[in-house]
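Sharing a structure with you now.
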Amino acid sequence: MFLKRTLPLLIVFLLGLAMIIQFYIPHPVSQNFYDSMAEWVRISGAFALILGLSSFFYVHTRKLARKNKDSFYSGVAILCLIGMAGIGIFGRGGINGWLFSNLYRSIIVPLDATMFSLLSFYIASAAFKAFKARNAMAFALLVTAIIVMLGRVSFGSFLDGIVEWILVYPNTAAQRGIILGIGLGMIATSLKIILGIERSYLGGGD
Amino acid sequence: MQLSTSIWVWIAAFLTLTIYSFLYKDNPLYRFAEHVFVGASVGWSIAIVWHMTAIPYIGIPLRDAFVQRNWPGLIYVAIPTLLGCLYFFRFFPKQSWLARWPIALMMGYYCGISISPSIETNIFTQVQGTILTGFNPTSLSSWWALLLLIGVVSTLFYFFFSLKHEGIVGKTSRLGIWFVMIAFGASFGYTVMARVSLLIGRIQFLLHDWLGILK
Amino acid sequence: MKFWLFMDKLDRRWLFLAIGLSVIIPSITNMRFPVTTTPPTLNLWNFVDSLKYTKKPLIIICDYSPSTSPELQPMAHALFRHALEADIPVFLYGGLYTEGFGLARIAEETVLEEIDYQKANGDSVIYGEDYVFLPFVPGGLAVIAGMGEDFIGTFRVDARGDSLKNLPMMDNVRRLEDIGLIVDIAGSAVSRTWMVYAGTRYGTPVGVGTTAVSAAEYYTFLQTRQFVGMMGGMKGAAEYEELNASNLNIEVRKQAGIAMASQNFVHLLIIFMVILGNISFFVLKRNKERRL
Amino acid sequence: MIFKKFIPAVILVFLGSLPLSGSAVCVQDVPDDDGSALIVSWEPPGDILGFFMYKIYRKDSLEGEFVQVGKSSKMENCFFVDKDPRFPLNSGMNVVYRIVALDEEENEIREIGVSEQFSPSHSYFNSTKKNTVVAVIFVFTALITFLNLAKKDKNLFIRKIAGLDALDEAVGRATEMGRSVLYVPGLSTMDDIATVASINILGPVAKKVAEYETKILVPNRDPIVYTITHEVVKEAYLEAGRPDAFQEDQVFFVSQNQFAFVAAVNGIMMREKPATNLYLGMFWAESLLLAETGNATGAVQIAGTDSVTQLPFFVTSCDYTLIGEELYAASAYLSRDPVLVGTIKAQDVEKAILLILLVLLSVLAILNFNFFRSESFLRFIMSFFGT
């Protein structure tokens, strides 16, 4: 019981408290503590990737075994993973090798950029579907969005003053209000975890 | 017009088009690209973690400490390594609770370091920027600063959870939602340009680098 | 009525098609819209142009990553071209992060090819005399501090590996004070770092080129003159190109100008669709009420 | 940062200390640091012409040699902050500085002086963070006080949060349609507290799903988050009395690449057509990619994030959105656990105090500005939040 539940909670409590206090102490010992903890978290975190991998292989090998139309795609995913990792680890030049960097540049980079660019289509469809003046507030949202958008086009410069005003005053005001709330919420959640009030991250059981 | 002769450009162009085909509907080509993307990106992170974390932070220090018989140094690296290995107990249902230790290390660390900076950036800086430092009724900017203060105060009212949103509280928090809506409209509007730029970038790749239509 | 029903139920794929076309067509047809210049861009252009009298060099910093390059790359091109045409010594620099180096190189190649290694006055562009390409040096903030105290010592060599000391352009450059203007082109907050360290600390004027999203935050710094000028987003780049074209009489393909045409089309399309959508929303609503 | 901290310190020390020193070169410790920085200041030589800058030399031990640690490029700049990782300083070292004036060609013209021996010292408390300490202690006490109050008073009120009320209905809908529920716990790692908040919501949601005998899909971007969500969902099925219904591949790791993750989740939405999509946690640009694809499949969508830049997109394309702090209040709202509800009350009290401070200080500042016009009073007000 102690090892299963109390010890983890104790680690969280003590380390959490230590990290809070550390922030105020510029002494080299405290700085070293901070650096070592950062390194420890980094090192132990690296192992979690192996768990992620086991999940990946679990999902995709099961699909492969089912031998239906999903199998082909799962096979592709597994092959790509092994190929990319293999070339990066065992290939000549490692991650700076010719093949690895070309694969990165012509597979991952374009896929990344293209997925990202889908946003320009979705931002249009979201605006079209959602910007309906159902009530006064929705109307306010719609009108501000249109004004700001018009201010962005070549001949919309006459709107620059008002666009800037919207961004600097009402926009900042609302964002500040939200950020203040978030700050309080974040601090409370962190404290709840340090104090062991919120412990769902440990999973249940004893 | 000059088609690209590089195989890499062709691969990139093919993958770009398959992703765009998703806009029409889900199809085998998109599915293929999606699985390539997932597989290759995980493979990429493995190689990166291997070269950037496993070797320099675990492998080399452990080896050096062992060779130099630097036992404290060895223990210093061994503790997080062993803690990390505890994650593997997830595979054994009976001992899976051991994986809670590295999780506890991480939770304690992250929750602890987040508190003080978030008081500074989320609270102090925001409040500091909002308090009026003076008020001159003849100056327009003073009135705008007052508007800013009203906006922040009323938005905060929206986040009172333990008060009924009726009467004065209700009215103030409704005013807050007005500010929030205007802010959301503005953010939405001014993001469009950045997003369209991304699309322009891809189109330029297709038309220039691949097809060679554009100069 | 049918039309409004169609609008209300419009399949989003039609919209996708329209967006795609409004980006592709302007790019292929080299379409251009009239561009009105705004004060931040004009101030920047004038400041750069004034350097031709002092002959103090300009530093163009490409501090961005490929993901924001569609918006920011044209700025680097326009600035570099302006400096070369107006006979202002210019440094191309990839900034404090590794990613910018490659993008700065693209700017160098594109512009030199476009002007065919010739300045407006007929002289040919000479490396080391007209411009110098600076290498990437690690160190972050320390690099700015280094440039502030000892410019040549910080870089030692140029991007080609030649010693900086031997380049004629370096004769009058010892530290940041000797630089006429730094223009940092970035999609992140790096520009502020340059403003604080290079601008406030060493007194070198700093200008900025940034994405449309970040531009909003920088107006305050323009008011306080901490930035001498700004190109905001693709629109800012297009304005700069336009200023180049009208004041220096150079006719080249206006990258941002064309991209701006796409931007205009998409923005107007979205606004138009939103308005149509709302009309159909109200028409249908009234129709429903009438039937009840 | 260095700049912000040092320059005021430099100016203070510089102004306050010059007359005190016997030597022409004066060394001062930078306060509130770990002893890795010193400030050197000197009096400019009044009598010679043609000097343009200074070189700063340092000797780290009595028998050591002077090494150049820096240069000050203006003749007016008669101070230098020595903090350079190439020439590290530690508390306990005994250092001596030597300043030399240079001409335009950087030739050494004349020595300005040599400092007395000095040893940098480190502090045990960063006094510039006093306000933060007070705030942390206050938040801590408020939380604990209200926890204890909450234990006594079981019926603390919480206002309606529409997005959370809709959760039940949304899960019910999935059950009716015989389709699954998709839960995206954000794309960030555990260092974002939003992820932690999301995991706190996942427990009750997964339990409800298990009770309704529906399937929940949880794709993860971060492997550590994956290990935790896996445990949480498994546990929820156990609590609901249906441990056999939990399948290992319901909670899975996708990829650490942001857009690869999105590509896969979009694929899942199109193929499995979940009836309910929940996006709770930290999101970046992908927010709209996910929400619009979900929209196209006709799912009911509830989002919640503290990412201010992404909120507009969720608000426009989801049925319900938890805005900022509502996400953090969710676990208390769903569980109605009096202890957790007590913490919400504590947050409200903190908020009230912030509001009072904001308004009160503004009023005071206005009064001061218009009636008293005292600079020091204004500074006093600003010092409340002085960072």
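Here are some notes:
By letter and in written order, the chains are A, B, C and D; residue numbering begins at 1 in each of them.
Heads up, the rule we're going with is that a contact is a pair of C-beta atoms (placed from the backbone, for glycine too) under 8 Å apart; a residue touches a chain by one contact, two chains touch by 3 or more.
Treat the numbers as computed from the prediction; the structure is a model and nothing was measured.
Here B is the chain whose Cα centre lies closest to the centre of all protein Cα atoms. Set against the Cα centre of chain B, the chain with the most distant centre is C. Among all pairs of chains, A-B has the largest number of C-beta pairs in contact. Averaged Cα coordinates give chain B a centre that lies 25 Å from the centre of chain C.
Centroid to centroid, with C-alpha atoms defining each point, chain A and chain B lie 4 Å apart.
Remark: chain B and chain D have CA centroids separated by 13 Å (rounded to whole angstrom). Centre-to-centre separation of chain C and chain D, using mean CA positions: 31 Å. With touch defined as above, residues shared between interfaces to two or more other chains in chain A number as follows: 20, 23-24, 45, 48-53, 56, 108-109, 111, 113, 115-116, 118-121, 123, 125, 127, 129, 131, 141-142, 145-146, 149, 152, 167-168, 175, 178-182, 184, 186-187, 189-191, 193, 201-203, 205. For chain D, residues that reach two or more other chains under the stated contact definition are 129, 132, 136, 139, 193, 196, 224, 227-228, 230-231, 254, 256-257, 259-260, 263, 311, 313, 316, 323-325, 329, 344, 347, 351, 354.
Residue numbers of chain B whose C-beta contacts span two or more other chains: 19, 22-23, 31, 33-34, 37-38, 40-42, 44-45, 87, 90, 103, 106-107, 110-111, 114-116, 119, 123, 127, 130, 149, 152-153, 156, 158-159, 180, 183-185, 187-188, 190-193, 196, 198-199, 201.
Viewed as a contact network, the protein chains are fully connected, with every chain touching every other.
Every residue of chain C that touches chain A in the complex is listed here, in rising order: 10, 12, 15-16, 19-20, 23, 33-36, 38, 66-67, 212, 216, 219-220, 233, 235, 238, 260, 263-264, 266-271, 273-275, 277-278, 281-282. If you check the complex, the residues on chain B that touch chain A are 8-9, 11-13, 15-16, 19-20, 22-23, 31-51, 53-54, 57-58, 76-77, 79-81, 83-85, 87-88, 90-91, 97, 100-119, 121-123, 126-127, 129-130, 144, 147-156, 158-159, 176-193, 195-196, 198-199, 201-202, 205. Chain contact summary for the complex, chain A toward chain D: residues 20, 23-28, 30-31, 45, 48-53, 55-56, 58-59, 62, 108, 111-112, 115-116, 118-119, 122-123, 125-127, 129-131, 141, 175, 178-182, 184-193, 195, 197-198, 200-205. Those residues of chain A lying in contact with chain B across their complex are 3-5, 7-9, 11-20, 22-24, 36-54, 56, 73-74, 76-89, 94-95, 100, 102-111, 113-121, 123, 127, 137-138, 140-149, 151-152, 163, 165-184, 186-187, 189-191, 193-194, 201-203, 205.
Those residues of chain C that touch chain B in the shared complex are 13, 16, 19, 23-24, 27-28, 67-71, 211-213, 216, 233-235, 253, 259, 262-263, 266-267, 270.
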